[in-house]
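Look at the two complexes coming up: subunit A is in both, with subunit B in one and subunit C in the other.
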Partner chain A sequence: MTHKRWFTPWLLVAPAVVWLVTFSAVPAVNTLILSFTNAKPLGGGQFIGLDNYTRMLSDDQLIDALTNSIVYMVVCLPLLTFLPLLLAVLVEKKLRGITFFRVAFYTPVIASAVVVAVIWGWLLNDRGLINGLAEQLGFLKEPLPFLTDRWLLLFSAISLTIWKGLGYYMVIYMSALGNVNRELHEAAAVDGAGPVRRFFSVTVPGVRNTMLLVSVLITVSALRVFSELYILSNGTGGVGGADMSLVMLIQLYGQGLTGQLGYASALSVLLFVVTVGPMLVLTRLNRKGA
Partner chain B sequence: MTVAGKARGFNSVSPTEKVIRYVLLALVLVITIGPFLWQLSTSLKSVTEDVFTRTPSFVPQDPTLANYAEVTETIPVIGYAANSLFVAVLVVAGNTIGATLAGFALAKLEFRGSKLVLGLLLATLVLPGEVTLISQYVIVRGLGFADSLVGVALPGAIQMLNVLLMRTAFQSIPKEIDSAAIIDGATAWQRLIHIGLPNVRGMLSVIVIFSFIYAWDDFLWPLLVLTDPDKYTLTVGLQYLSGTFSNNPRLIAAGTMLAFLPIVAMFAFFQRFFFRGVEAGAIKG
Partner chain C sequence: MRRNWARLATAAAAAVVLAGCGLGGADTSSAPTQDASGEVKGKVSLQTWALKPKFTDYVQGVIDAFEKKYPGVEVEWLDQPGDGYAEKVLTQASGGTLPDVTNLPPDFALPLVKNGLLLDVTTADSKLADDYVAGGIDGYRYAGFDGVYGYPWYLNTDVNYWNTDLLTKNGLDPEKLPTDLGGLIEQAKVMKEKSGGKVFLMSRKPTLIDLTNAGVQTMAADGKSFTFNTPEAAAVLDEYRDAFKEGLMPRDVLTTKYAGNAELFNSQTVAWTTGGGTYISSLAQEGNPTLAEKVIPSEAFGTPPLYVQGLSIPKSTKNLPAAIALARWVTNAENQAAFAHLVNIFPSTKASANDPFFSKSDGTPSGNAKVIAFNSLAKAKILQPVQVTQAMSDIIDQQFALAISGEVPSQKALDDAVAKCNQLLNG
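Here is the complex of A and B:
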């Protein structure tokens, strides 16, 4: 026996297990149950079969939201997989003042999505810095409606997500670069391979597993996007709500005393269905790395 | 620290390469920090200066803190900061204590059912928080914590990922040290305090930093839970400010800076723990 009282370990894991059950396990099961009901915050909650799910098929806003998710993923995936790796290579060498640059590049990550979205909202305003500079330099005659056009708003939110994610994935790559074989780099350099060649033939293969991890993380977070679109559109989801994300719809239907908890839960189940594949790959990767 | 250029081989940087690297570093710096500086600049501009000007000026002509004074009068921003701090302290306390205890038990004590607990912990990782959002709200309201700061802090007060991280940290303590203590008759509690804790300080500081940032920055959950404007956290209050006073960019800028600067100060203070962990390969996705 490694300990005298059998219940000591259970005492130690008890708080975590209580939280696990109360805030993960029970809500997970309850979400599934609610999705088959017409539950409202006050009363309601009859079983209505698959009605919430059939309603999804004719929900134009949901179709827009899923389109937005796909665009988000397609744009973010290549850019956020490669740019942070280049950044990690850039901050890898211990030049003078490199700590300052590392911390500075990480700053957008630690700032709240609300803070950065408000800042970007000001930059992208009709009379903001970006339109102002572009007009000044003669690129534009009229300000671009970054925050009111259906597609420009989406791409503004995407650029914000990419800008905010650079430092996050840079740090993951920094961790991985430490394990890339230095001799291989030196040998390649001796053989006359330039920096670009070494990047593609030594660095990239060396961090291949991390790239896979990063691309899964990007996919999942693109599906979960909320704050950027919410703040940039001031909670409206743009003109006609066409710039809603799936999570914005969950929030919209779940909030307040008139909320439609049943439909919001069905949307949550949909979110789970689209994220579970990449999430499973993620845990597999994490376990392999551990 | 010695000059990096003196190191041999891989670490040596030629002068040309050095210049190119610094130019690129400066370019990325402008992109990442520029928007914050522009916001800071806007927050310091006086009412007489046109913030919408077509030829933007980065340095305020007549720097003033008046916008900061005005924003504290417009919305109770100090109260919002206090609310955010209250939530963050609860979340940090809950995560450090809860994850340490459970992580230690799962790593170092053998008991029936530990496999089951571990399996459940791993299973929660495939569940994005947004999926259970609505049901979590139903539970928090059922417990009587709707529209309260405790309700905001509660679900994230012990995060399963942190339990797993602490378990990994405790596992890396060599078995020999532990078995010596067991032979000497140390209790589980003594092993945790005297052997466990001193060896996991790195991971613990990472958990402190990130649970603080998580709580301070969170938006969706407090937005859902809180209805009373007096109980708003900074993020919800800032969203309200930017939505309601959109015609006054100086005011919004001052509000953003008040929400942003504390977290930057905290991170700047703790960053060495963080980047040390990164270089040791401890931080993963």
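Here is the complex of A and C:
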């Protein structure tokens, strides 16, 4: 029996549409509108044109935050795109005890980002395990300022993100590797291709679409990084706030009873634009390569 | 035509969303809209901040006694979790659902005062100054606004704490503790030399409280701009910068926030911290009893800071007589004293000044700390302007860290901090 009532499809998608409109579309439009105002949480605000956007041009913290977010993305993107693929290829082998390694690589993923960052904070501080060990072994005379130097703090946070992300993307690649035709590998081997050649000529093209997906996910999460930098810097954003990410900056200006919602919204719009740009580039590259 | 409709729809949607954002003005008068002297009856709500479950019995006891005294009244008690309280208050204030009696620290109350949401309690209660200490009342007076916008509830201040074990092991005498920044730096040099830089005496970078104590006027009298970028303030930062360069404090202080010095103290990396009057007993009960035995207190450097908590009443309360009666009941001398016997606080009522529980020590370091804190309250003042929000505090912290690390001159860091804080204040 077939129902031909015109509203049936609408009824079926209605819950999802209502959800999206309420929690995504309206807040997005609201954010865009607020970015042209000097709104505060209490007491309203007025339309101030492009003032919030022109203010960005002279905001030195924003320049730092943009730089940090872009460095984060530039470092994380290649490493988190290729390293998990290599790991996936390694743990895909049916060897004795391989399950242990699969679980070990995946464990950081299920650990809370906050807990992991706190542990890394203990490891990396001036009296932490890493500095202590290096000093004991005579590699260092003074502790390295992992958590108080602008670039060391940023790269410590990047290392944490990569360590935590390896297992997650590895699992995605493992499912993709299952779809790569084994006969292609066998044919390439018969033609004399070694493991490296087969990896680049068979495996990589076979998981190309997954790589694109992973790249997009990494780009978005790297540009929106918050927890790692926030916790490793004790919420201070580093000395002078030089290690703030864009999201931390939005939180700084938007928080509390007197938050500057207008400026925080303008920063959110900027984050959206900065995030969409690389995604479009990646998608275009994929189309060209296809 | 279709395009025009789309434009019209977009404009309408924008108007609706803008209206939803609350982009409107505020009624800033603070007088009550009803008579405060009516009968105490009906429903009244009380909102506290993170008192459950630890103090459930105490608060419920206070409420039960209030309901017994006023048989026609029914109190609804709401306790909000510690995290996200500002956001909760914000939601309530925007929705006009602030409870009749709400625990608001002075900095939370200020934006509500600016928007005319809180009651000037002096318009409904003329005996405020008779019963509460001036410092507590002053916490709820704001530059540019007449009146008092909350009943002072409980007070606290800072006391210096010292690790005697680290002091004696590193050539310092616990009987001759530093009494100012200069003395602290001198003894920090001794500690660094004797310990080979393994432990430190100094445990934090300066705050606005230190600048106020150095005689710097941190804010203009009208409360409309910050003014702490003075040469005197730069001199204070320079002292800390030189101490940092000399290795007299751990590098971690650059990125530690409030209570970061206590964490360093608890890990025995530093030998000095500041804390409330019952820090030692808290340490013994919750953290590190072995360390607690080694700790002795002394008075805070300079003028001690005053920290105030209070109960405010929204102007829109529907039951003003009961709200006033409840706020007074919770903050009366008897109930505050009972609360202070349970936890690290001091009453804001004048009648509590003679309570021997606070003014006499049992001879232990913990008892001495309580008495030092209680006596300090007599001269304690609010040293950080209540206009300082969390965002401003973060920016000040960041800029002071830059100055202490030597990456920028102290004066530039202060100028930048003042410019950014003024932008947040007036933006």
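The criterion applied here is as follows: the second predicted complex is superposed on the first by the 252 of 290 C-alpha atoms of A that agree within 3 Å, B and C clash if a C-alpha of one lies under 4 Å from a C-alpha of the other, contacts with A are read in each partner's own complex, and residues count from 1 in each chain.
Just so it is clear, contacts are C-beta pairs under 8 Å (C-beta built on N, C-alpha and C of every residue); 3 or more make two chains touch, one makes a residue touch a chain.
Model, not experiment: these values are computed from the prediction.
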Inset, instruction - Would you mind checking whether subunit B and subunit C clash or fit side by side on subunit A after the superposition? - result: clash
Inset, instruction - For A:G235, decide between first (touching subunit B), second (touching subunit C), both and neither. - result: both
Inset, instruction - Mind working out whether A:T54 is in touch with subunit B, subunit C, both or neither, as first, second, both or neither? - result: neither
Legend entry - subunit B versus subunit C as contact partner of A:N209, first or second or both or neither: neither
Inset, instruction - Using the touch definition from the top, say if A:S201 reaches subunit B (first), subunit C (second), both or neither. - result: neither
Legend entry - Touched partner set for A:G45, first subunit B, second subunit C, both or neither: second
Inset, instruction - Please work out whether A:N30 is in contact with subunit B alone, subunit C alone, both, or neither, and reply first, second, both or neither. - result: both
Legend entry - Greater subunit A contact set [subunit C / subunit B]: B
Inset, instruction - Answer with first, second, both or neither: which of subunit B and subunit C does A:T258 touch in the superposed model? - result: second
Inset, instruction - In the overlay, answer first, second, both or neither for which of subunit B and subunit C A:N181 touches. - result: neither
Inset, instruction - Report for A:T67: first if it touches subunit B alone, second if subunit C alone, otherwise both or neither. - result: neither
Legend entry - Clash-bearing segment of subunit C relative to subunit B, given 79-87, 187-195, 349-357 or 367-375: 79-87
Legend entry - Overlapping contact positions on subunit A, where the subunit C interface meets the subunit B interface: 26, 30, 34, 41, 125, 127, 234-235, 255
Inset, instruction - Going by the contact rule at the top, pick out the subunit A residues touching subunit B in the complex. - result: 2-4, 6, 8-10, 12-13, 15-17, 19-20, 22-28, 30-31, 34, 41, 87, 90-91, 93-96, 99, 101-108, 110-116, 118-123, 125, 127, 129, 132-133, 135-136, 163, 166-167, 171-172, 174-176, 178-179, 182, 185-186, 189, 213-214, 217, 220, 223-224, 226-227, 230-231, 234-235, 247, 250-251, 254-255, 261, 264-265, 268-269, 271-272, 275-276, 279-280, 282-283, 286, 289-290
Inset, instruction - Would you mind writing out the residues of subunit C in touch with subunit A in their complex? - result: 13-14, 17-18, 20-26, 86, 89-90, 93-94, 108, 111-112, 114-115, 117, 250-252, 254-257, 260, 267, 269, 389-391, 394-395, 397-399, 401-402, 405, 407-408, 424, 427
Inset, instruction - Over in the complex, which subunit A residues touch subunit C? Could you list them? - result: 26, 29-30, 33-34, 37-46, 125-127, 143, 145, 147-148, 233-241, 252-253, 255-260, 263
Legend entry - Residue ranges of subunit B in contact with subunit A within the complex: 1, 3-4, 9-11, 13, 18, 21-22, 24-25, 28-29, 31-33, 35-36, 38-39, 42, 52-56, 97-99, 101-102, 104-106, 109-111, 113-114, 117, 120-122, 124-128, 130-139, 141, 154-155, 157-158, 160, 163, 168, 182, 187-189, 213, 216-220, 223-224, 234-235, 238-239, 242-243, 246, 249, 252-253, 256, 259-260, 263-264, 267-268, 271, 275, 278-285
